[in-house]
Amino acid sequence: MTMAETYQTPDGRTIGGQVMEMKNITLRFGGVKAITDISFDIREGEIRAIIGPNGAGKSSMLNVMNGFYHPQEGEVWFHGKKRGPMKPHQIAKQGIARTFQNIALFSGMSTLDNIMTGRLTHMKTGILKQAMWWGPAEKEETENREVVEKVIDFLEIQSIRKTPVGRLPYGLQKRVELGRALAAEPKLLLLDEPMAGMNVEEKEDMSRFILDVNDEFGTTIALIEHDMGVVMDIADRVVVMDYGKKIGDGSPDEVRNNQDVIDAYLGVAHD
Amino acid sequence: MFYREAGDFKTTYADDSQTFPIKFDRYRYWAVLAFAFLVVPFIINDYWLNAVVLPFLIYSVAAIGLNILTGYCGQVSLGSGGFMAVGAYACYKFMTSFPGMDIFSVILLSGFVTAAVGILFGLPSLRIKGFYLAVATLAAQFFLVWLFNKVPWFYNYSASGQINAPERTVFGYAVTGAETHAWAVYLVALIFVVVLAVIARNLTRGSLGRKWMAIRDMDIAAEIIGVNPMTAKLSAFAISSFYVGVSGAMFFVLYLGAVEVGEAFGIGKSFIILFMVIIGGLGSIFGSFAGAAFMVLMPVLLKNVMVGQLGWATDLAAHFEFVIVGGLIIVFLILEPHGLAQLWRLAKEKLRLWPFPH
Amino acid sequence: MSAGFYYGTEVFLNGLMTGVLYSLVALGFVLIFKSSGIFNYAQGVMALFAALTLVGLQDGQVPFAHLINSIFGTQVHHFGWHLPALLAILLTAGVMVILAIVVERYILRHLVNQPDIILFMATIGLAYFMEGFGDLMWGSEIKKLDVGIPQGGNLWIEENTAFLGGDDFYGFYLDSLDIVAAVFAGLLVLSLVLFSQYTKTGRALRAVADDHQAALSVGISLRFIWVVVWSIAGFIALVAGIMWGSKSGVQFSLSLIALKALPVLMLGGFTSIPGAIVGGLIIGVGEKMFEFLIGAPFLGGATENWFAYMLALVFLVFRPQGLFGDKIIERV
C-alpha cells in the first residue's frame, strides 16, 4: 500500500505520518490461527477503527499492538523503529495506553487513585525519597495530580473523585478507565470496545469524549467497536477483519461499499 | 460537631492528600504521640511492658510489614515467622560479631538482611500466584526454621541451641540483656514503631503504593498500564520483609532475650501475624495497629477472666483462646472482610455527620 | 547387589507407602477445591478432630468433661462403656457429616462470592476453632488409638526378602500398619475416582466444579453438593486420622499432615485428581530418598520438614501450571 506522507480528512484535518505499522502479523494459539498475515498502519492524529464480526481476532490484534501477545510472525513498527521483544510495561512507557473490553479498573482504589495510576510511567522518585514524603516526592505527586485533575475536569467526573470505583455504575467506570489511559498522555491510545454495553445516550457521550480527545490533545486513537453507526461517524479509516484475516481497509465510505465486507456482515451464499 | 470537614477548606493538592485530612484527627494524632513519648515512659512498669505494651509495639511492626505485602500488594505470605527468625538471628550475629555496634544500627541491619532473604523467597511470586504462592511461602517458613536449628554457626555453637541477647545500652541505660529499664526498652521500641509506621504510610500513599495496589487488584491490567510486576512485587517483598525482620530482631533482643527458633518463630507466629492483618484490616496501616492490639490484648483478657476470675485451669483457657480466635476470624471475614479499620472508618463517617445525620 | 542398594529400596518402598497417604490427604483438598474453589486449610485439623472423636467414642469419654468439671465442680470423666471399633468408626463418620453440615450452614453459605483468599483465611480460622474445640471436647493429652490394625515390622515380608541381599541384609523392614494404610488409602482413592466419574452425584459434583452458575441453572443444589464434598473430605480425614493416629498417637502433630499435603497440591495442581495421586507418591518417595541419600549423611537430618516444599517450589518456578495442568493462557 503506497500512500502520500499526509492526507486530508473530509472535515479538513491533516493526518500525519505513520505512528504504528503492523507488517504481516500472524498469531497462533497452539494450532489455532487467531490472526493471519495482517498488515496495516496507524497515522499521526487519526482515529483508526478495527471492526469485524465476533471472533474475528480484533482484541487479539489490540493485544499484539500493546505487546501483551507476541506474534509468531511479522513485525510491529512504532515511531519508525522495529519493536524488539518487549514486555507490556515497557511498551506502556513508550507511550501506548489502552482500555479494556471488560472493565479492568483497580477495584480497591478510588477514582482519583485509579487515574493516578495512569501517571505511574511519568513518576520517577526513588523509594527513599518517597519514604520521606516531603520534598521531591510531594512535589512530584502534586505535579501529577494537576495533570490528573485536568483529565477529571475533561471527563466531567469531579464529583466521584474520591469514590471507590467498585461502587460506580458501568458507564462511569468506562469513563474512569478512559481517564486512566488519558492520564498517561499516550502517543497512541487503544480502545477496546469503548461503547460495549452502553445505551444510546452513553454512547453519544463516549463518542464525544473520543472525538474531543483526538481534537484537543491530538491523540492518535485506534479503537475496536461493534456499533457500525458509531464507527462510520467517528473513524477516519477502518480496518475490517474476519476469521483472522483482513478483508477491507480504507475510509468508511470505501469500506461500506466493499463486497467482501458486505458478505462478511450479511452472509453470502456458498455455491 | 467538632469532628467535621465543613469549613476546613483545602487550597492545595498537598493539603488534600495528607494522612489526616480532618483537623480533629490531626490534633488527636499529635495528642497520642505526645502521650506515648512524654507520659507513658514515666508510668510504665515491667508487668505492663512485657505483658501488653512491648508485644503490641513489636507485633505492630510485623503486622505493618505483612500488610504491605498482603494487604497492599495482594501476595499472601505464610512465612512471617521464618522472616522474623531471620531478623532475630541476623541481630544475634551482628551483636556477637561487632560488640561495638549500637542497638539501632543492629536492628536496622537485621532488617536489611531479612529484606534480602525476602527478595530471594519472593522470586517465585513472579511465576506463581494466589494459593500456590501462599503455599510456597510456607517453604520459606519451614526451611528457615530448619536452617537456624541445624546450622550451629547461626547460634554460635552454643550447647543449648538457643541464642541469648548480650547487654546493650543507650546513653548508659541498658535496653537488652538481664537488667533493663522498662522505660528505656519502651522508648527504643516506640521510636522504631513510629518511624516505620510513618514511612509505611508515605510509601503506601505514593506512587509505589499505587503500583502495589494495582498489582493486587488486577495484575495484568497493571502491567499493561506500565507497572513492572517484577519490581513492584519484589519491592513489596523486600520492604515487607524489612519490617518483619526488624520486628523479629526486636522480639528477640527487647522482648524475649533468649530464643529457640522452633518455639519462638514457628508457623504459629506466621498465623498470628496474618490474623492481626485480617482482623485489623487488609490494606490499612491503622488496621495493623488495631489487629496487633486485639491479638495481644485478647489472650491477656481471657486469661484474666478465666484463670483469674473463674479459677479455671490454664490449659482450658488456652483451648478457649483457640476457639475464640478461630471463631472471630470467621465472624470477621463474614461480617466485615475489611476488619477493624473498616469499622473505624464507618464510625468516623457517622461522626462526621453527627449530630445532623440527614 | 550391595546391602546399601537394598536399604535404599526399603526406603523407597516406605516412601511409596507414605506417599499413598499424602495422596489421600491431597485428594481431600482437591475435591473441596474443585467443587467450591476453597482451599481448605482445616483438612489436617479435621483429621485430628476425627481421630480425637474416634478415641473419645471408643473409650466412652464424657465430652467437655474438663469444662463441666471446672464449672460445676463435678468429677465426670467416662461413661464407662467401650465401643467396638467398627461402631465407633461409623459414629465418627456421622459426626464428620454433621460437621460438614455445620460448616456449610454457618460458614460457606455466608461467604459465597467472596474472593478465594478470604475463603482460604476462613478455613484457617476454622482450623483454629476446631483445634481448640476438639481439645475442649476431648482433652488435649496424647491418646492411644487402637482399632485393631496390626503394627510393627511385617515378619513375612522380612523373612521372604532376606535372601536377596548378602549376610548383612535381613530383609525389607516394612511396618504392617503402613501396608494396611497404603492399601486402604489406595482403595479409597480408587473408589473416589469411580464415584466422581460414574455416579449421578459425582457428575453433579464435576458440574459444580466446572461452573457454579451453570450447575445451579440446571437444578443442581450447590448446598447439597458442598455438604457431600465436605463429608467426603471428613471421611478422608477420618481414614488419615486413624492411620496416623494408630502410628504415633492422637496429638496435635497429627494436624500437620495437611501441611505435608500442600506441596503435593502444588506439584500436582489444585484441580487434578491424577495430579494429587502422582504428586503424593513423588513427594513421599522424594523426601524419604533425599533424607536417606543427602539429608541424614550431609545436612544433619530432619530435611523431611522442608524438602517437599522446596521440591514443589523449584518445580513450580519452571512449570507454574503443575504436573497435569494445561498451559495457562492469560486473557485481558
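Letters A, B and C mark the chains as written, and numbering starts fresh at 1 in each.
The definition used in the following text is that a residue touches a chain if its C-beta (ideal position, glycine included) is under 8 Å from a C-beta of that chain, and two chains touch if they have at least 3 such contacts.
Worth saying up front: this structure is predicted, and the values here are computed from it rather than measured.
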| item | value |
| --- | --- |
| Chain closest to the middle, measuring from C-alpha centroids that were averaged per chain | B |
| Of A-B and B-C, whichever chain pair has more C-beta contact pairs | B-C |
| Interchain centroid distance [CA atoms averaged], subunit A/subunit C, Å | 51 |
| Centroid distance [mean C-alpha coordinates] between subunit B and subunit A, Å | 42 |
| Centroid distance [mean C-alpha coordinates] between subunit C and subunit B, Å | 33 |
| Residues within subunit C bordering two or more other chains | 332 |
| Overlap residues in subunit A, where contacts from two or more other chains coincide | 68, 100, 104 |
| Subunit B, residues touching no fewer than two other chains | 220-221, 224 |
| Residues of subunit C that touch subunit B when the two form their complex | 39, 66-67, 70, 107, 110-111, 114, 116-118, 120-122, 124-133, 135-136, 140, 259, 262-263, 265-266, 270, 299-303, 305-306, 309-310, 312-313, 316-317, 320, 330, 332 |
| Contacting residues of subunit B [partner subunit C, same complex] | 76, 123-124, 127-128, 130-132, 134-136, 138-139, 142-143, 145-146, 149-151, 220-221, 224, 267, 271, 274-275, 278, 310-313, 315-316, 319-330, 333-334, 337 |
| In the complex, subunit A residues that touch subunit B | 66, 68, 87-89, 92-93, 97-98, 100, 104-109, 113, 116-121, 123, 125, 127, 130-133, 137-138, 140-142, 145-146, 149, 180-181, 184 |
| Complex contacts: residues of subunit B adjacent to subunit A | 12-14, 17, 199, 202-203, 206-208, 210-211, 213-214, 216-218, 220-229, 235, 239, 283 |
